[in-house]
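Chain naming follows the written order as A, B, C and D, and within any one chain the residues start at number 1.
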Amino acid sequence: MKSKIRLGILGGGGDSLIGIVHRIASSMHDSYSIIGGVFNPDYSENLKFAKEIGLDETRVYEDYDKMIEQELKLDESERMQVVSILTPNFLHYPMAKKLLENNFSVICEKPMTTTYKEAQDLEQIYKSKKLTFAVTYTYTGYPMIRQMKEMIREGVIGNVQRVDLQYYQGWINPIIHDSDKRSETWRLQPDKSGISCCIGDIGTHAFDMLEYVTGMEVQELLSDLNYVYDDNPMDVDGTILIRFSDKIKGVIRASQIATGEENCFTVAIYGRKGGLKWQQENPNYLNHLSDSKPLQILKPGHDYNSNFSKISVKLPPGHPEGMFDSMANIYNGVAREIRGEKEFDGEYPTLNDGLRGMLFIEKAVESHNNGNTWVKLN
Amino acid sequence: MKSKIRLGILGGGGDSLIGIVHRIASSMHDSYSIIGGVFNPDYSENLKFAKEIGLDETRVYEDYDKMIEQELKLDESERMQVVSILTPNFLHYPMAKKLLENNFSVICEKPMTTTYKEAQDLEQIYKSKKLTFAVTYTYTGYPMIRQMKEMIREGVIGNVQRVDLQYYQGWINPIIHDSDKRSETWRLQPDKSGISCCIGDIGTHAFDMLEYVTGMEVQELLSDLNYVYDDNPMDVDGTILIRFSDKIKGVIRASQIATGEENCFTVAIYGRKGGLKWQQENPNYLNHLSDSKPLQILKPGHDYNSNFSKISVKLPPGHPEGMFDSMANIYNGVAREIRGEKEFDGEYPTLNDGLRGMLFIEKAVESHNNGNTWVKLN
Amino acid sequence: MKSKIRLGILGGGGDSLIGIVHRIASSMHDSYSIIGGVFNPDYSENLKFAKEIGLDETRVYEDYDKMIEQELKLDESERMQVVSILTPNFLHYPMAKKLLENNFSVICEKPMTTTYKEAQDLEQIYKSKKLTFAVTYTYTGYPMIRQMKEMIREGVIGNVQRVDLQYYQGWINPIIHDSDKRSETWRLQPDKSGISCCIGDIGTHAFDMLEYVTGMEVQELLSDLNYVYDDNPMDVDGTILIRFSDKIKGVIRASQIATGEENCFTVAIYGRKGGLKWQQENPNYLNHLSDSKPLQILKPGHDYNSNFSKISVKLPPGHPEGMFDSMANIYNGVAREIRGEKEFDGEYPTLNDGLRGMLFIEKAVESHNNGNTWVKLN
Amino acid sequence: MKSKIRLGILGGGGDSLIGIVHRIASSMHDSYSIIGGVFNPDYSENLKFAKEIGLDETRVYEDYDKMIEQELKLDESERMQVVSILTPNFLHYPMAKKLLENNFSVICEKPMTTTYKEAQDLEQIYKSKKLTFAVTYTYTGYPMIRQMKEMIREGVIGNVQRVDLQYYQGWINPIIHDSDKRSETWRLQPDKSGISCCIGDIGTHAFDMLEYVTGMEVQELLSDLNYVYDDNPMDVDGTILIRFSDKIKGVIRASQIATGEENCFTVAIYGRKGGLKWQQENPNYLNHLSDSKPLQILKPGHDYNSNFSKISVKLPPGHPEGMFDSMANIYNGVAREIRGEKEFDGEYPTLNDGLRGMLFIEKAVESHNNGNTWVKLN
């Protein structure tokens, strides 16, 4: 019989959307117990929230320093094993750093840090430890993405020869065209959001997904971003040419001014023998194209799916799962890692995914600032 | 601050699919604490399972009689408030009956009972109590179904004039054509499954949905069932003509031999001014047709949706929710009822839905056995 | 080198929609020359129209009697070989009869006649002749319908076990609820339209398609029609239970009050091994379902298609053809029959299709008038 | 009463696909009579083919020089008015030039010439004449593309801010990876195909469409092409960054190695107030997105459509038209121009479209060869 993994949480209190996503995700496979944490910088709010989600006060702390200090005093059989970091971005790095240094495994929201340098620093610490570190690129948890990854790995579509990813949203549209709103939105303020808005927030999902499903590393990129107004310091749209090599190319397209789009993230990978296409808004369908056979539409939970895809589904075919289930698969991957049950490459996005993501953001901005020239990613 | 509702569970232990659905659903809105129950008829399995899902032994009972007896000894502030019944169908009635008699609210899996008479008996008891009784017709929890219900209620499509519901699956296909398998499957044995297989299991979902979204009661039906083999005592397919009146008609089509279909449940309601169409396998889209305007596709979480639909969504537009979320909305409806917060008609399917469902099943079989003649439902 | 087939046309002048459909269809495979005919009952309009479509006056006649009389005087090498009948329904029978008696082949719009008796009469005459007689059930010309027919014939989905066809339109909706309009519309006047509106006009397409793709004859039906108003003598909606046998069943659903539907004709056939689904509004996709394999979507023009499907396409894959092309395939089938090149069963709908269609209409109305009872079709 | 326009044809004999497309297109609106032409360089083949399509020998000529010479001898009331050029690409320029010089209107297949310089030369001649010159960018004839153009013109989506066009095919995939095949295919030989394969053949459709629907001129581009093999001199894939201005950007993506894609041409234009999306393989649907309202799906033939869209449809809603109909709309536009009936901007693609297309191809190759740098289009 398995005992549950003891989980701490930093951030995600109140009406936080990401808070509920992580709580539900951690509960879906009956693998975690939320033990405590710091849900809110205000201590009384923190305590109130903890009570709301059914925790007593014992392990609700004033701040993460105190949390680490107190948890270390507990016996290892009682101590938090994993801590999820759901705070604003600039806190990811100091929190993750201290947690790793004190031997806690970490589940960190994306972006992992605010600079590539910080990410490299985390990597250094991580290398010297035997810990689990996950970065929650949520969409990698979808069963049909995992099916896609396995099919590419097994050579079903042959060598990759063209890639095309799109992540289109329209949410910033009513903000960007209003000079008051665009100057006030924290997402468009570099000191709060880092060096990129669109590429940093959603382009990076596409980049991670591309390397995740293909199992290959992007070598070079050339980007053209759009800031729309001269007084706006942050990109809200961009197209990024991608090269795996001089002969294997493609494109990542990201926009927050694609008016009317909700969360239109699409992935298309073409190889010599076939193609695979997927859309986040209809995540339970995977299109498999071929030169000579009818289009095949794969769905989750079938015998024809890979084992990795099959362990990522809880309901029978035809009963749709959604984004909570995708995140839950990542949590389950971490649990399986911790318990030594991990079977598949890619059960959760790793620190390396977080590191590559930061590199991508910095290089995309650099290429644009250089006048849209090629920059290397290694 | 809200305290959580104390939930007991009967059944759903081990690898039970329905067990995990109810546990996840009860946790998604942070409204319930699972206190205990009887997860398994075997007591040691029961205890083992309880431990797996993080419960101590205190309130894990040998059987439901003991559970009720012991819970009644507790102070009302500690006692289970709601009990979910997830056992095989024949146990629904005795359990629900005793729970109601002892003043526990009930969340009961469908079908509510095995006969209409039992259902009427429950209704009698329920009427004399101030309790909440929900029957988990899961699909009524989808936000776009609730949107449909509200739009019909508000007259957006005008008076209903044609209805068409389909529930097609193919899962019984490999069983029905194999004489050994079809004689061994419990689903095809009347003593285990009641008087109907296809209509009882899925046709009844369609019937409930029809009355749910239209807010109208079906008056008459005429059914033609298919047993496929002479030695098979249970329907696996059927078409049921529906009349709300002599001028408002339609059809429910249900099949378990629609080879290759997974869980293809569709709802189409046409009124004088427009039509509304929905598919369970793509639950986040609602098609609104009209004579004179372009087809409109509504999605969850938008300002243009009804309030009832909006409270049924946790994520922003474009982030798909699925069947767990639908069931969670029903659990949330029960919680809101218990807390006196219920605002909308239809936040959970009621005992009356369960009662009508049993009537529908019995009348569908009766019509078929009468040689496909009209029978009244009142 | 092939000479073109000499085609005469009765009806279809002016802005007639069906006129342009037949003219374009006859020209698409370069197989026919339109020689003349009677396009309009008014002779001067007739002549004017003939000139507009590029015909000289020589073989534009006052009426069909004169046409037949004059054409018979011509040498067989000059005489019209085929005559298309595009007139109002009540003229189909006398025209077709006289044409057959005088040894002209016929392409007749549906419904072939206004009564089953007339249809039987035509059949008698036809049997004694060596002529070609086509009834233009347009939709049977679509390449993916032909693909479906071939796949069923070859056993790809195994023995048929469930059938489901829908033909939903909403066009009569604004008429039916307006007492003036509904009393004035010729479609709702039995003396002009025959005994049925909805079943006669569109239900019959579904019935023909069902027998066309399955290659089987419906044995019995039970229908429930809807007239919506007591003063309306014609059905505008209906559901028809279908039996091929006591074990092979299904349903045809037809409506003209499905508000907002345009021409939503769908065909779903399920067999023991799989299912096939098609929609008229997206005619270039054929869904092939199976228990154990991913859904396959077949499209026209591929090597994987049957030869019959392949000869029904003019453009390469991905270049959509539409309804004119479908009708053109039927014209081409007639041309191939006349030239002795016909290879496949079903290259055009035959007189027998027309005959069965009339039987279906009469029986559907009879069943309804009998109080929704089973009636045999043979 | 309208007399038909006298049409000559150069090329398109035998089994030529483009031949049948133009013949059908010219016939669909009863506006043209094919008078004669040169269908084949071999005179006996030419005569044979003419007979097959119902022409007598009188005006079937040995070559285009003879054709022009002889036609000029005829009275203007008998002379060809328009000549369609369907020959291999290198003949477009000399034929079009001579036709214009001799006062014939021209319908020319795309690409209009083989170099931008030739295109400029044609423009010079054209400017001094009162003739009609159309370039058959077929897809601009679709009714929903015309609807899109009108909606953008009327400001329905506000100022354009992001554009994204894709034209993906997979047909060259089996050729490109086979060294024999790729060296033998004429499409991959610059002396036969010009300087570009993928961009020249399909990228140019996307470029023309972009300028057509937006009514705006692209200012700059940066392209990255893929030749896949070092010994292959022709691009088979490319991504082209597009700028209308420094603040209005987008991308054209084209590929012939998108394995399994057929003719997947998509157009997405986002403005401040909404977005419009269209797919060539499902041409009868136009998606209209907005921030605040449900997605709307427009279809052809409705009252809600623009007049330009409405005149581009022959059948009622729900009866799909296809690619022949699209080309027929272009032919109809030319006919309306010649008859002085043209009402709308864009009834046929003009010589200027052909000119811009050649400029685009040359600049796309230039940008790539410069190391993926920005080049201006003016």
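Annotations for the structure displayed:
Please note the rule applied: a contact is a pair of C-beta atoms (placed from the backbone, for glycine too) under 8 Å apart; a residue touches a chain by one contact, two chains touch by 3 or more.
Here the structure is a predicted model, which means the values were calculated and not measured.
Considering the contact criterion stated above, the chains in touch with chain A and with chain D alike are B, C.
Taking each chain's centre as the mean of its CA atoms, C is the chain most distant from chain A.
Chain A and chain B, compared by their mean Cα positions, are separated by 35 Å. Rounded to whole angstrom, the centroid-to-centroid distance between chain B and chain D, based on C-alpha atoms, equals 55 Å.
The geometric centre of chain B is 43 Å away from that of chain C, both derived from CA atoms. Residue positions 261, 295, 299 of chain C are each in touch with at least two other chains. Within the complex formed with chain D, the chain B residues making contact are 288, 292-299, 302-304. On chain B, the positions that touch chain C within their shared complex are 157-158, 161-162, 164, 166, 170, 173-174, 177, 222, 224, 226-229, 237, 239, 241, 247, 249-251, 253, 255, 257-261, 268, 270-275, 289-291, 295, 372, 374. Against chain A, the residues of chain B that register as touching in their complex are 1-2, 4, 17, 20-21, 23-24, 27-28, 30, 33, 48, 51-54, 169, 261-264, 280-284, 299, 314-325.
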